[in-house]
Structure formats: C-alpha cells, structure tokens
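Presented sequentially are two complexes of subunit A, the first with subunit B as partner and the second with subunit C.
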Partner chain A sequence: MSALLAVEGLCVRFAAREGRMVHAVEGVSFSIPSGGALGLVGESGSGKSTTARAIAGLQAPSEGRVLLDGEPFGRQSARSARARVQLVFQDAQGSLDPRRPVGWSVEEPLALQGSGTAKTRRARAFAALDACGLDPKLSLRYPHELSGGQRQRVAIARALVCEPQLVILDEPTSALDVSVRAQIVNLLCDLRQRFGLAYLFVSHDLAVVRRVCEEVAVMYLGRIVERAPRSELFASPRHPYTQALLAAVPEIGRDLALAPLALDPASPLAPPSGCAFHPRCPRRSEVPAQRCSLELPILQTHGDAALSCHLAAGAVPRAHPAAPGSGASRG
Partner chain B sequence: MSLLEVRNLRVSFATPRGSVQAVESFGVSIDAGETIALVGESGSGKSVSALALARLLPTPPARIETGEVLFEGRDLLLLGERELQRVRGKELGFVFQDPTSSLHPLMTIGEQLEEALLVHERLPRTSARQRAEWALAEVGIAEPKARLTAFPHQLSGGMRQRVMIAMALLTRPKLLIADEPTTALDVTVQASLFALLRKVQREHGTALLLITHDLALVSTFARRTLVMYAGAVVESGLTSELVARPAHPYTRALLRSVPSLSTSLDHALPVIPGTPPDPAHPALGCAFAPRCEFALTACHQRRPALVALSTSASGAAGVRVYNRRVACTESERALAAEVSS
Partner chain C sequence: MSTSPRKGEWFSDATFERVAAQFAVEQVPNLWADVRRRLAARASARWSLRWLLALVLASLIVPLLPLPSPAAMALDKQPKPPVAPWVEPFNERFEPYYGELNPLDRALVSVRQRAFGEKQTGPWLGTDAKGRDTLARILWGSRTSLLVALFAALTSLTIGVAWGAIAGLARSRVDNAMMRTVDVLQSLPTIFLVIFLLSFLNAPSPTGAARSVSRETVFFLVIGAVSWLPMARVVRGQVLALRSAAFVESARTQGASTGWIVRAHLVPNVLPIVLVYLTLTLPSVILYEAFLSFLGLGVEAPNVSWGVLAADGAEAISPLATFWWLPLGPALAMGATLLALGLLGDALRDALDVKRSEA
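On to the complex of A and B.
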C-alpha cells in the first residue's frame, strides 16, 4: 500500500543562544494513507506543530524528507502540487484578511493558482462555504463581523476550495467555546467522509483527537514515543507518558488523577539524557541498571503500532486481536 | 454566616454604541474552605462577575448597577479605597489565566513576592524574603532560594503559574479566586496544579472560586457549581447531582457536547446549534431559547427567574435536588418528564 503522505527521518533544529541547538523535531517518521487521519498529540514543546509546519513546507527540515504520493514535497514543489496540501490554524482571525470580505479570502487560493474564470471561482467558493455549513450570503461579511466558530468554518472552506488530498489542522478547535467546538469537530469528521480527505491533526486535546483520527502518534520532546490505532491507544496505552497524559485528562464522572507526573516537562533547550522522559517517568525504576537515563530507546514497530520504551523492549509484544473494524471510521 | 455572599449583582459597560449589560444577575454564597465553580462560555459574564465583586473593573466604562457583596458581613461595594485595598490584598487572592501579564517582567520573582508582605503585613525585608522562599517551596518549586532571583521570562509557563499561586497565598487569604488558572497549560501540568490547590485548601482552609469553561474539570474538583449563560446564572447545585441530572436545557446540552475519552464514536457528537448571543442585542425572553430544543412560545417572551427546582416536579422523579436552582420556568414540565426518564 503506498501512502499519500510519507515522512522519513524528519529533523528540525533551531540555533539557540550560546551556540546551542534546539532539537525541536528529531527523527520523526510516519505515513498517512489516502483518506486516513493521524492525530499528533503531546505537550507544548513536544515539536508537534513544528512537525506539521515542516511537512507543509513552512519550515525547512534540517534532515529527512517528506513525500506526497511518492514525490518529494516541500517549498520547491510546483504550485499545483502544493495546492494538494492545505492548512487550517488555531487562530482563524489571523488567517483571514481583515480588510477583505471572507468570500474573497476563500476564492484567493484559486485566483493564485489561476484556476478557472472569476465566475467558476466564485461558484466553487460558494460550494466550499456551503459544505462548511455557512450561508454563501455571509461571503460579503468581513472577518470581524463573524463569530469565532463562523471564522473557523471560513478558514476550513478556504482550505477545501483547492480540493486538497491532505489537510493539516493545527489545533483547529482549541480557541473555540465548548458548544462551538463540538460543531467544528463534527464538521471535520463529516467533510473527511464526504470528500475523502486525509488529515494530519495536531492537538493537545486528546478527546477531540479520538473523535477525528483513527491513528494517533504521541510526541515527547521532539520524538514520537508511541504510535497506535485509536482503538488501542485509548484503551491500552503502553508508553508511561501516554498513560500519564490520558490519566490527566479531566473526564466527567471520573476522579482526576491529581499529579500523575511529579515534574513539569523539561525544556527542549536542555533535554535529559537517555530517554528524554526518564526524569518524569513513574516507572523508570522497573528498568534495571539506570538504562533509561543512559540509553535512548528506539521506536520499535509491532504490527500497526510502535513504541519507544525500555520497559517494553524485553516484553512480548501485545497480541493484536485481528479486528478488521478497529480502524473503521465513526458513522 | 457565609464567607462571601453576593446578591443581585448587575454590571454594564458603556460602549460607543450604548450601554451593554454584561452581567444581568449574579449571586453566589461561599462558605469558608468551600470550592465553588463558575462555568460558562466566553461572554457569559463569569469573569466580569468575579472582577466586579472585588471591584477590580475599571469604572467607567464598567458600572456596577446594583448588588451587594458581603465579605465576612462587610459590603465591599460600600468600602472606601483604603479599606478595600486592605481586604483585596490580604483576604482575597487572585490567580488569572495568563501569568505572563500578571507578573512584572523587570522585577525578580522574589521582589514581587516580598512586595505584598512589605505592604500588607509590614514585615522587615529579611523575614519577607524568608516567607517568599517558603511560599515557593510550598507550591512545589525546586530550589526556591535560587528562583527568588529569577525573572519571570526565565521560568516555564507551569512554573510561572505556580509563582502566581504562591503570590496569591502569601498573605493567607480566606478566599482564592482563580480565573481559568490552567487553561493555557498542558493537562499534566494542570493536574499537578490542582493537586497543589487541593493541598493548600486542606492545610489552610482557603475557599476557592474556580472560574472555567471546562465542565469536566469542574466535575472532578468543585463541590458546588454555578452555570452562567448570557450574563445570568441559569443553574446551580451540588456538582455531582448537577452533572448526573442537569435540569436546565443549556447545562444538559453543554454536558453532552463535551468530547470524552470513553463515549461511543458511533454517533456524531451532540451539538448545541447556533452561537452564544451577542450581549449588545439582548433577547426579550430566555437568552437560551433560540438554541433550545424544548423552547415554547412563552420562552421567547418572558425571561425566567432563577428559582428552586420544585420538589413536586422532581420528587416524583426521584431526583435529589438539594439546593438546586434553575432559571427555566416554562419548560419545567417537559424537563420533569425528561429527568424522570
């Protein structure tokens, strides 16, 4: 099976003060099949947004490559190829021109591509707005005249109008109110099914990721530490970090695991030695000979899941019940 | 007597396009050591209510139209500026969402912590420094002595919020008002800050007014909850009961629309149609009626008052309604039927 998006050994490094380097993303590899959705989760500073920006060509990778349908993808790609990957950010206000009606902003990508006539471009913009649940009459309004939820719908319409194959969503629901967030989550699920879109969904909100994506990768200080199908990751997380992250999510009707981790995250400027998670890891004493603080664990693949933890290295990989429906999308 | 008793607080803002009613009616009573949550979406008036009760809103443009704020029996709205400052600095503590804008960027953490003690407790500088160091240790900051000389930008977001909590607790306030204290932080850091708040409350008997949009967080942390919508409290009660059996259609819909780690993915997430109302154009009737699935004609014509949920309606349904108050009179029958099902 050839993947729509393949990321191979992606590294992004920034120069910091005093000649030091920040390893924002280190050796990240994954792939997304056509029409698939991968959620990229982790705390702030984990490199999840930088990974997304590097894939979109907004940030030059220091190493590694990004392939779209087997072809190298990046800034140098032809405009028509780049149109196949679109972006939606957290802050829709910042993505829309405040001095133009929103309809203009939705048409703009088509105009930049020189695609069609003014009339067909308008028709496509109206269709995209309609698909996002907005009355095309709103296209004459300015961004400040719309609510936060409506603005995010416009930003999604602007991404859709190019008929992309992959949409990269960076915290698309984080700035929205609870009642509006649910609407946008449903819209994203709906659009994916209708148009066969693939998503790379970056978020710190695990419950939203669970709704939208059938596969999840967990990042910690620049590296993927666990990757698994949704049904496995949420039911039986294996990395101690994933376990702590899930335990810390407040849930109605469940007692909050207060302080699942004793320490706050380390700074990406000074990552700990060995496994970067080891100073916070509640289970590091289970691994003999201080291996966690000395040796970097390798991301090992077991079936359709992957894990980077010394704890699991000696253990028998968990048996996967052959569940053909495990990756099935929601109805 | 309650520690804090707020009655009938009404706040408006003067804008170029006329007066906007930000808080239409707010009331709460908090006992010593109690944790109460104030839940609502943006624009619901939850933060304005909290700022108004401590008279922290700039007037004008804000105007407190009516209300009483009895703190240990004294009405804060009637106090002179000097007395007010004494209460605010010593008896009330505040923690806001963004510690970066609450901390002075050019003063060290130590100087900022000591300031409150020098002003309110008139401590000599050396003992103020010692108290500041203890305070940092208490909120779980490693190497507190070294951190005293750090500037805010040298600390992580979670660390800065710990400093804010340390600062708010320095003078041992009786009430801590925390407005979205962990919204900008990661869930793991949020969990450890709430562990810290719980420890502080247990050790010092501090009452906590927690303002948040996160219903799931509230459900695990606060004993009682008030739900606000469009500037008014629409439901209040014991959190455990309110979450299990919400009575107001807004509370019900809000609870269902929260994505969770365990609900079935077979169906789309239930949503509340539409968007919260614009306070510049208030509705005549119930503010939630345009989005409410139970709305009757009468709901659009008259604004319901916050009343105790009648025991006849709920008693038959077997719902315990300890002190539950709901602002939804017209739909009460439909609700009673729903609640009993």
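On to the complex of A and C.
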C-alpha cells in the first residue's frame, strides 16, 4: 500500500476506578494516503482526540499499531521520524510556552532535531511564520500579546517548520471566532496544496471538515461507524448517527427537520450492548429482533466507503417483518 | 498550482533570504533584562534592595567599622540613653575585647585597630545595662539573622526545589512517598523539637564530659529540616501543572527528553514563582530565629541576634524606667528588613509576570 499513515486496530483503554476500564478507542483502523486529508468527526467523548493523541505518540495504544510509511511509529520512534508527524492543538494559547517569545516556540522543533545553526533556525522560523501569513516581527512577542487567530497561526508555523508529511490537527478551529476560523481554514487548505501535506483533521465542526478533507470518518463511542469520501458522506449519509449529526448542523433558511438526538451519548465506561448507538438510534425499530441491542455491527467496506450498521443494504431489508430469533443468535 | 517543494527546501526560497536578511539582527527579548528594568522602575523595590544590600554589606564588614566592641562591658549598672551623633561623634575609649572570634573576624578586627586605633563611635543608640553599645550589637546581631536567612534560602533552593521537581516529574508512587515525607516533617512541632534536642544534646554525659553541640548547630539543623518544605510543595504543584501543559506535550511529540523539558520549559516557568516564594520564606525564617532567641532557645552569649536584643530590651522595661532604646533598635532593624523583603517580593512578582509587560 502507498498509505502514508496506516492505523490498524487501534485501542486505547484507561484504567478507571473500581478496576473498570474506559474504552476510549476500540479497534479503529484507517489509512491516509500521502497528501490526503481525513476528517475525524464525532461528539465530545467519541474518542477522536484520543485517537489523534495516540497516533502522535502522546498516548500509548493498548492494542493495535500505527504505521508511518510502513514503519511502526510511536513514542520510541527516532526524533527524525517524529518530526514527520506534527500535532496542532485546539488551545493555541496552551500550546505555546507563556514565558517564551513565540519565535522561540517556532524554533523549538528545529532545536530538538538539532538541525542547522541558531541563525538558520531563526531564519527558517521567520520563513515559516511568513508562510502562515504572520509578520515575522511578531516572533518577538509573547503568546498573550497575540490574538487567538495569530496564536493558532504560530502553532501551525511551529508544526510546519520541520517540514512534516502529516499534520494532526486536533480541533484547530474550535476556539476561534467564525471570521478567524474561515481564515485559518483557508490557510490550512493553502498550506496543504503548497507543501503537499497530509492532514488528520479532528473536529466536530462538519462545515470545516467538508471544506478541508476529502474523506471523512465518523466516530461514536470509540469506534468508527461510517467512513466515506466527502461528497458521498455529505450527500447521502448512511449511518443514522451521521444523518443525525448532519441534520443537527444549523443552516440559515432551513428548519431543523429532525429532532436532535434524544439522549446524551452513553459513557465509554459502560458502553451499551450491541451497537453502542442503539439507545439513541431513531431507526433501530427498523431492524428486527432487537438485533441492534444484541449484536455489535461490523465495519463493512463497500467500495471506498465503509459502514457499521445493521441497517446496511442487504443485511436486513427495510420492510422485512419481525422474525423472532432470526438474527440475534449470532451476537 | 505549483508542485510541492522538495524536502528540506520549503522555507529556503526567496522568502527565506528576504526574511532572514530583514530580521537577523533583531534581538529576542531577554526576560531578565525586562525584569531588571521593571524592578528598577519601582521606588519601593529600589529602596528595599538598597536596604538589604546595605545590611548585607554592613554585616560582612562590621569588624572593620570603627564601632565599639559588642561584647566590651562598662559596668555602669544603668543603660545609657542614645547620644546624637552630632553631640558625641566619636570617643577614644575602644576596648578590643570581643570574646571568641573566628580567625577571619580576628584579622578584620586587627585591621580595624590599626586603622582607627582607640577611636570608636559614641553611643548613638545608647548602651545596655552592661554598658555594651546597642548599635554595635544590632549590627553584629544582623549576622545571625542574615546567616539564618541565607541558610534557609540555600536549603529551599537546593533541597526544596529538587525535591518538589522530582516528586512532580516522578511516577505516582515516588511522588506519594516524597510528599508524605514532607507531610511528616511539616507536622513536627518544631519548638518542642528544638527544646528536646537542646536539653538532650547539652545534658552532661554520665562520664562528666559535657556533650557540646552548640545551640547554633541545633538551630540550623531544625531550620534546615523545616524551611524547604513549603518550597517543595509549591514547586511540585507547578511542575504537575506544567507537565501536562500542551506546550510540554507538544515538545514531547518532537522527542524532547526530560532534561530538555526541564531546561527549556520548567525552569523558566517555575523560577519566578520560586523567587517570589523565597521572599516569603526568608522573613518567616528570620522571624522564627528571633522568636526562638527571644525565648532563650536561639544563639548563646556572647553571640547576639536581633531576637536576643529584643528579649534583653523587653526585660529591661520596668515600672521605674523604660529603656526604650533597647527594644526599639533591633525591632526597627528587623521590621525594616522584613518590610523590605515583602516589598521586594511583591515587586518581583509583578516584574516577573510577562503579562504585565508595562507596569
């Protein structure tokens, strides 16, 4: 495969009180081709940020592996390999050392690589800031002296200065004003085109994901429930959860047709049996024999899309009358 | 659009040259230069620093000054009130009796004798009931207070900071063990400990030979055991908070070692708090010394400290006569020093806060 990043069966579990385990991420697999962009969307607590952190090496995976160009990638990887993957956080303020001028923070990855002299590092940091649309003079400022948008640009410059192949963006626009958000999204698109970057874009903002990414994966309670190319996913979402997410995006001139999802997402401490989404699923009655609450659906690939739902075409015809005991025994 | 640039050359195009040429000369601001400038801009900080420096200098060179000996007695049986410097600037009654002195001080005293001979200052701050000059005793006594402060500062900065930093960086079990040790030490009733140690160590042994562990040694041991504890707590809290800060994690994703994290991120972020906390620790330790000396548990005669002087002064107060100059001198000296440390800490806190760039 020519995938730049391949994630295979990634699981992240945390020990909770009373010996219980939080299943933050369960068996997540996907791949990103070189120069591709995958959006990872889902509600809070769906495990999308944990997935990003595990790939960046901030969180040791409990199971599964992360491959970068076919080589295992993680905390043990050499610094030169780690420089190829960069992480941009949601909180740009927190990702810059408050006691260092931002120019220093942009130079830091280079200093950690031990590349170049102090002078060339400085020059490269200036150039990276320039590429992110910032006046390099701002590198003498402290983070608190910059606006939120400027800080996020600095954080992006910091990620770019090592010339990575993959940038993991963990909610990079969620803390920004709408107008600033649009600027940052445009910047991210431009940078990707200019430098041939691959993105793993974690967000709950579907509009932003639609603008940046060619492929979108939807996560619910630690699992990917649907993955599809952008056009397909936004035009005809197939998983009821994706449908509900898209319906929940407010749009001017359109009434919210569907009621928002009724319940809060279940706790990853005690995920529901069967399909984790079934207590909230508006269409579970269409599946006979309580299959949804008994049997875990498997992520099945159809062409370049994948879906994990018992409603999936062919599995259960929609108008099929209830047949007791027919599908439940397998679970 | 353009094809993506080759590896290693993203930023080495015209932008690189232009930007580098434009900004290579600019200096990255230096935090410490800023701090100095902001401190200097504040009058209270300037005066506090001046007072503290003058005090340190005076306590260092006090044997060289043309002062009366702090131990030389004149049995007047009555404390003499202060005489203004312009009434009696100097007299020629110097008595070179100092009790036990370390070799360095003895050398300094002999230099003083050669330079000033019999000349000494008049009793500008009066004398005590044994005829000893109050000013000389206050200046000699400042050595004890400053030495205690120095000792506490050193233990706080070395043991306290290292302990807290290691506990904050270590895994939970090590952290737990280290911090429970701090809890145990902190819960010791230090006054009782001092009394116990003094009576135990100074009791005559069955063989008759006095076990001589000086009070100063006991005192410094106790100060050393106690003074670093709050610092360890403060540093640990800071390190814990910083360890999970996004900028530290972001450095970690780049393969930063713990050494790098400590040098590049923890030190600059923790040091200001340590410095400010130090200015809180020092007054409390100076006060503690004075308090123990006041109770008679501190330094032994012929050594003096501000606490001893204040205790002497307080004893001298009687219904018949208030020898006000006896407690007033050491009390003012100590009050001014504590105030200076407090004001300096306040100014330092503001000066080190990068967010209050222009105060």
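FYI, the second predicted complex is superposed on the first by the 310 of 331 C-alpha atoms of A that agree within 3 Å, B and C clash if a C-alpha of one lies under 4 Å from a C-alpha of the other, contacts with A are read in each partner's own complex, and residues count from 1 in each chain.
In the analysis below, a contact is a pair of C-beta atoms (placed from the backbone, for glycine too) under 8 Å apart; a residue touches a chain by one contact, two chains touch by 3 or more.
These numbers come from a predicted model, not from an experiment.
Participant: Check subunit A with both subunit B and subunit C modelled on it and let me know: fit or clash.
Facilitator: Superposition check on subunit A shows subunit B and subunit C fit without a clash.
Participant: Scan A:40 for contacts with subunit B and subunit C and give back first, second, both or neither.
Facilitator: Neither partner.
Participant: Taking the superposition on A as described, I'd like to know which of subunit B and subunit C A:186 touches: first, second, both or neither.
Facilitator: It touches subunit B, and subunit C stays clear.
Participant: After superposition on the shared chain, which partner residues are touched by A:55: those of subunit B (first), subunit C (second), both, or neither?
Facilitator: It touches nothing on subunit B or subunit C.
Participant: Taking the superposition as given, does A:177 touch the first partner, subunit B, the second, subunit C, both, or neither?
Facilitator: first
Participant: When the two structures are overlaid on chain A, which partner does A:101 contact: first (subunit B), second (subunit C), both, or neither?
Facilitator: second
Participant: With both complexes superposed on chain A, which partner does A:207 reach: first (subunit B), second (subunit C), both or neither?
Facilitator: first
Participant: Nearest CA pair across subunit B and subunit C in the overlay: distance in Å?
Facilitator: 9
Participant: Hey, which residues of subunit C end up touching subunit A in the complex?
Facilitator: 1-5, 7-8, 10-12, 15-16, 19-20, 22-24, 26, 28-29, 31, 245-247, 249-256, 260, 264-265, 268-269, 272, 354-355, 357
Participant: Spell out the part of subunit A that touches subunit B in their complex, as residue ranges.
Facilitator: Residue positions touching the partner: 43-44, 147, 149-150, 177-183, 185-186, 189-190, 204-208, 210-211, 234, 244-262, 264-265, 267, 330-331.
Participant: Show me the residue ranges of subunit B that touch subunit A in the complex, using the header's touch definition.
Facilitator: 41-42, 156-159, 186-192, 194-195, 198, 213-217, 219-221, 243-244, 253-255, 257-262, 265-273, 275-276
Participant: In their shared complex, at which residues does subunit A touch subunit C?
Facilitator: Counting only subunit A, the residues touching subunit C are 35, 56-58, 77-79, 82-83, 85-87, 89, 91, 94-101, 103-105, 108-109, 112-113, 119, 122-124, 126-128, 130-131, 136-137, 139-140, 142, 144-145, 158, 160-163, 193-196.
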